[in-house]
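Letters are used for the chains, namely A, B, C and D, taken in the order the chains are written, and counting of residues starts over at 1 for each.
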Amino acid sequence: MAIYVGESTRLVVQGLTGREGGFHAFRNRDYGTNLVAGVTPGKGGTDVQGVPIFDTVAEAVEATGANTVMTFVPPPFAADAVLEAAAADGIRLIVCITEGIPAQDEARVYAYLQQTSRTPLIGPNCPGVISPGKANVGIMPHEITLPGPVGVVSRSGTLTYQAVHELTTRGIGQTTCVGIGGDPVPGTSFVDVLQRFEADPETEAVVLIGEIGGTAEEQAAEFIAAHVTKPVVAYIAGVTAPPGKKMGHAGAIISGSSGTAKAKQEALEAVGVTVVIDPTQIGEAVAALR
Amino acid sequence: MDLFEYQGKSLFARMGVPVPQGRIARTPAEARAAAGELGGRVVVKAQVQVGGRGKAGGVKLAADAGEAEARAAEILGMDIKGHTVRIVLIEQVSDIAAEWYVSFTLDRGAKQHLAMVSAKGGMDIEGVAAEDPAALVKMHIDPVIGLAEWQARELVYRAGLDRASARASAAVLLKLYGAFVGLDCDLVEVNPLILTGSGEVVALDSKVTLDSNGFFRHPDFEDFRADFTEDPLEKMARERDLNFIKLEGSVGIIGNGAGLVMSTLDVVSLVGGSAANFLDVGGGAGADTIRNALDVLTRDEAVRVVLINIFGGITRCDLVAQGIVEALGSLELPWPIVVRLDGTNATAGRAILAQAASASVVPAATMREAAERAVELAGRA
Amino acid sequence: MDLFEYQGKSLFARMGVPVPQGRIARTPAEARAAAGELGGRVVVKAQVQVGGRGKAGGVKLAADAGEAEARAAEILGMDIKGHTVRIVLIEQVSDIAAEWYVSFTLDRGAKQHLAMVSAKGGMDIEGVAAEDPAALVKMHIDPVIGLAEWQARELVYRAGLDRASARASAAVLLKLYGAFVGLDCDLVEVNPLILTGSGEVVALDSKVTLDSNGFFRHPDFEDFRADFTEDPLEKMARERDLNFIKLEGSVGIIGNGAGLVMSTLDVVSLVGGSAANFLDVGGGAGADTIRNALDVLTRDEAVRVVLINIFGGITRCDLVAQGIVEALGSLELPWPIVVRLDGTNATAGRAILAQAASASVVPAATMREAAERAVELAGRA
Amino acid sequence: MAIYVGESTRLVVQGLTGREGGFHAFRNRDYGTNLVAGVTPGKGGTDVQGVPIFDTVAEAVEATGANTVMTFVPPPFAADAVLEAAAADGIRLIVCITEGIPAQDEARVYAYLQQTSRTPLIGPNCPGVISPGKANVGIMPHEITLPGPVGVVSRSGTLTYQAVHELTTRGIGQTTCVGIGGDPVPGTSFVDVLQRFEADPETEAVVLIGEIGGTAEEQAAEFIAAHVTKPVVAYIAGVTAPPGKKMGHAGAIISGSSGTAKAKQEALEAVGVTVVIDPTQIGEAVAALR
């Protein structure tokens, strides 16, 4: 099994007619993802390489049975695009690749989806999800992946690839690799993904890639302590990073001592997670679990 | 983007939040003129993008225009935690009956807006939060409907702000929240928000952090930057859409994605080196981006070697390789470049570099190997 | 409150919805001047708070100012379904490439806003809905976040409006919805919304119903009333905060609560009588309210008897009785008053009336009995 | 048993310091309702006839364990007051008496409560709820009620009193009388109340009072057909009423043929409801059920 995407994925891409959207959507299709439609308002009725384009997500779903949306819509229109995707009956996953969405938009969309929709959103500003050998919905280079028993979840884009690469070069495959994105308000958090990996019978171990800032890793540690029985290997980027934006005193008060790489490493170690300090050790650490 | 106090206050005024009368000055003479216009006693306040200016002597009272000139002369040019003061704000002295703390920000953990209000304003609020947590009232706000009037009232009453002026305080909270959301801020913090002797509620300070992702809705916000003292390298990088931070070491770093670049810094440190910078070319970098990034690093004399660490996703390794080759042809690159390419079109990228056959390009198979080679070359240079 | 077309369009213009250039006229001479100012061909449109003016001859074209004067002379004073035309709207003739239907209202069943859009505009939309339901696209809108841009687009595409101008149509829908919510409307309906030959999207008609409960946010909306021809009795009642509708019968009705008053009308009808009016004094009526209500009914010559049916809740029967006694003392009441009091302070109310011992006050124990007595007395008068 | 209010009701009144709010709240207390607090911003710390006043609902709940809110706040502030009540932990019922709230405010509040809160709202513009012999939360004259086996639900204010009066004068008591109010967007509908009466073991029959306009009676008829086993007697006011506000063509299209008293009577009769045409027959009709 795989989580989020797999053989039953029927993908519709918002912004398929754009340069980046088209490039990655067709790479996904070439990998085996069932790309059934594109949505670009005003271009309904046309097609791109045989994939029909619709004016609205609802029309695309009605005509093609799409169940997964990937969005490449530019930042000023992305929040609206995600809301459109979430409102379409039959859509069960939204993956938003778009980078640069205002945090206020993200916060509003996240809260509204929580209140009105059961559709999970991965991203924004994320590399997407790949279930090796089954489907890729996003911009991750599938060449570096390998089917297998490890679930990967990461806040970082390219660092996800690095982690997956370290596994694959050691012959350790992945059930699913999920890039949740590093934006202030990701639609899906470590906790959501850990829950799915825990429930997935084919996932035997989890690799978690975090970074400085926020409290997502600390929340993951709490969740792992309470609900995760599978072994977890973690890497946190930013040990030597200069102190970033501080968000005034308010930020310091909210996050308390958390937010630093050290605090996150300690929180994870305290709940039994194997924490590595060099991404190139991820593969070794997972191999050592066996 | 962290604003100067006076810039934040200009936004407050735009959104209907009361602020003291004030003028900025860049010279003591301007300070004298500003104080003269305002009349009466004034306060001269250093404008810096960092806290702690009060303790550093960056805020001084002046009885008249002449004194204002003298105080401005003392403060202008002062160094506060590495920031040189180039602008002072001259403000009428307020009649302070009470000082409060207010902030609106995003609580990333809860994924909701967070309001914090305290009657213990005008002092170290982090200390208040640590020592007397009950004195700092926190309330989450649903971003879908925003701060409700009842919430503004509840903040005022729970924090124990002056009861007689509760209506005015609640109204100011609503306006500050309106600024926080409507102007795409990451943070709006006022310490102190004051009650004047005549019962008005006024923002005596401002700490505003703008979300640059929201600038498409507020194109004029770019203008705030004109008053910032920016590192010339950082400015150059920003103008080329590169995310660059100057550091203290000798290994220039170029990578794609903040996480990978941070990790590269960490690995360079682990193998005994030290990064000269953080430089993220972002997603989808083309040949020009790489050439620009190398160009920026040529201006940094501390750099002894450059490590390019690319894991292609939306970024294509072939374009990165092209950018390196173009830079070799068009720029004076005074150092060796260790290049590690993986991911999208990596094979094509490596082939392009192999074909160029430049002695200054050192290919590396892994991130660890690249870091080791770079640190070794930096030591040798 | 149903607005005249030109009033609705003035609100549209305020909210950024494109409308044709136009002027109103109350005389043929004003119509000539208006047409002259506008220039070219114009349309002269009767302003009435009722549909069907087109069929009734209330909309006519004029080639120039002279013709406009003649057409206005024909239309002004015309009776359209009982409404006398006192104002005409003179508008530039639009170049119509397509006619659409748009409305925003509240769907009480779903408790959500409802948008309806059809490419078959400019005609009987109820007929379209009945005969070709697929041609009328309906979409619910969550009032919490309002009409989203994607919904506006989806309405345009699903309804099959012109694709080339889809962006402009969606923008107009968003503005019309903004008016619907921001101006506290019960209804915003445009039939037709047109596409002009030059690709603009323009509201060629307007049907706007304002929610008077929202007038505290829009105090200027009361001014619209100045142009309405109002029944003098209804006007008098409204000015005294009484909910009054003139009917055809002879039994004057005063009651508290719309449901009870409607029910009283029904029971009067059941026992063979016919109500002269609907008059609801609302909740919490005091003595003055009752006196005012009786005063209004004295102006209606058709009234033969008055039935006061009060079931006290927030309204107190003692105050009602006091009001009746005061009216008996200060007004010329030319008819008997059947009074039925129950509920809050009913015993005290009945005692007050008994004490007044007026021959023209007829107490009744039940609603049914009150209706029977009133109808009997009306027949006798 | 009774629905919505009873012996466990602990009432806090928004606007207790106002004239109407105070008058009715103390009438409710005199009847036996457990009036524990009032809320008036700025008057916290004072009391009215021994009932403590708080600045906020949250404070009132913390200090007194209030679980039911009644609001008399004027229309411009009423929507905010209802949202405050709904956000307070521990509040399980809100009764909004206020008349004259803009329909746009009602629609927004209703939708937001549906999305974020489980707290039922009765009203606005309603007479409230009385469980005879137990508690009265609202402005209904309790003198006309009698404990007994009939549930009463009504869209109309004073007509509710009329209906209750008809029952009581025939010696037929009530479990609970609920005035849901006649505004465009009532927080609680016939269907919600019918569901509770159906589930309440002490309620043996239901009296439903409707009126012209809207589709609430038609929806009630549908619900009765599917879910209500207890006998229902209905009265619809407005058979002879002049046609009211038409809401343009849009209104006609939404409501179709429904909305008239006749259509509502027919819809209810079709599902086995006893429909009376004179409110004075309500008592007889219920008596005849036995």
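What we mean here is this: a residue touches a chain if its C-beta (ideal position, glycine included) is under 8 Å from a C-beta of that chain, and two chains touch if they have at least 3 such contacts.
Since this is a predicted model, take the numbers as computed values, not measurements.
Asker: Count how many hops through touching chains it takes, at the least, to reach chain D starting from chain A.
Answerer: Minimum number of steps from chain A to chain D: 1.
Asker: Give, as an integer number of Å, the spacing between the C-alpha centres of chain C and chain B.
Answerer: 56
Asker: Mind checking the centre-to-centre distance between chain A and chain B? Centres are C-alpha means, answer in whole Å.
Answerer: The mean C-alpha positions of chain A and chain B differ by 27 Å.
Asker: Give the residues of chain D that touch two or more other chains, as numbers and ranges in rising order.
Answerer: Answer for chain D, listing residues that touch two or more other chains: 112, 115-116.
Asker: Two or more other chains touching the same residue: where does that happen in chain C?
Answerer: Touching at least two other chains: 142, 144-145.
Asker: Hey, how would you classify the chain contact layout here, line, ring, star, complete or other?
Answerer: Looks like everything touches everything, fully connected.
Asker: Tell me, which parts of chain A touch chain B in their complex?
Answerer: 20, 24, 75-76, 97, 99-104, 107-108, 110-112, 115, 127, 139-141, 143-144, 154-162, 165, 182, 184-185, 209, 211-212, 214-216, 219, 235, 237-242, 245, 247-255, 277-280
Asker: How about chain D: which of its residues touch chain A in the complex?
Answerer: 115-116
Asker: Which residues, counting only chain C, touch chain A once they are in their complex?
Answerer: Where chain C meets chain A, its residues are 142, 144-145, 148-151, 153-154, 157-158, 163, 166-167.
Asker: Give the list of chain A residues in touch with chain C in this complex.
Answerer: My answer: residues 41-42, 44, 55-59, 77, 80-81, 83-84, 87, 112, 116.
Asker: Touching residues of chain C toward chain D in the complex: what are they?
Answerer: 2, 51, 103-109, 111-114, 116, 125-126, 129, 136, 142-144, 181, 184, 186-187, 189, 191, 207, 209, 211, 213-214, 216-217, 245, 247, 255-260, 262-263, 265-267, 269-270, 275, 278, 282-284, 310-315, 342-344, 366-368
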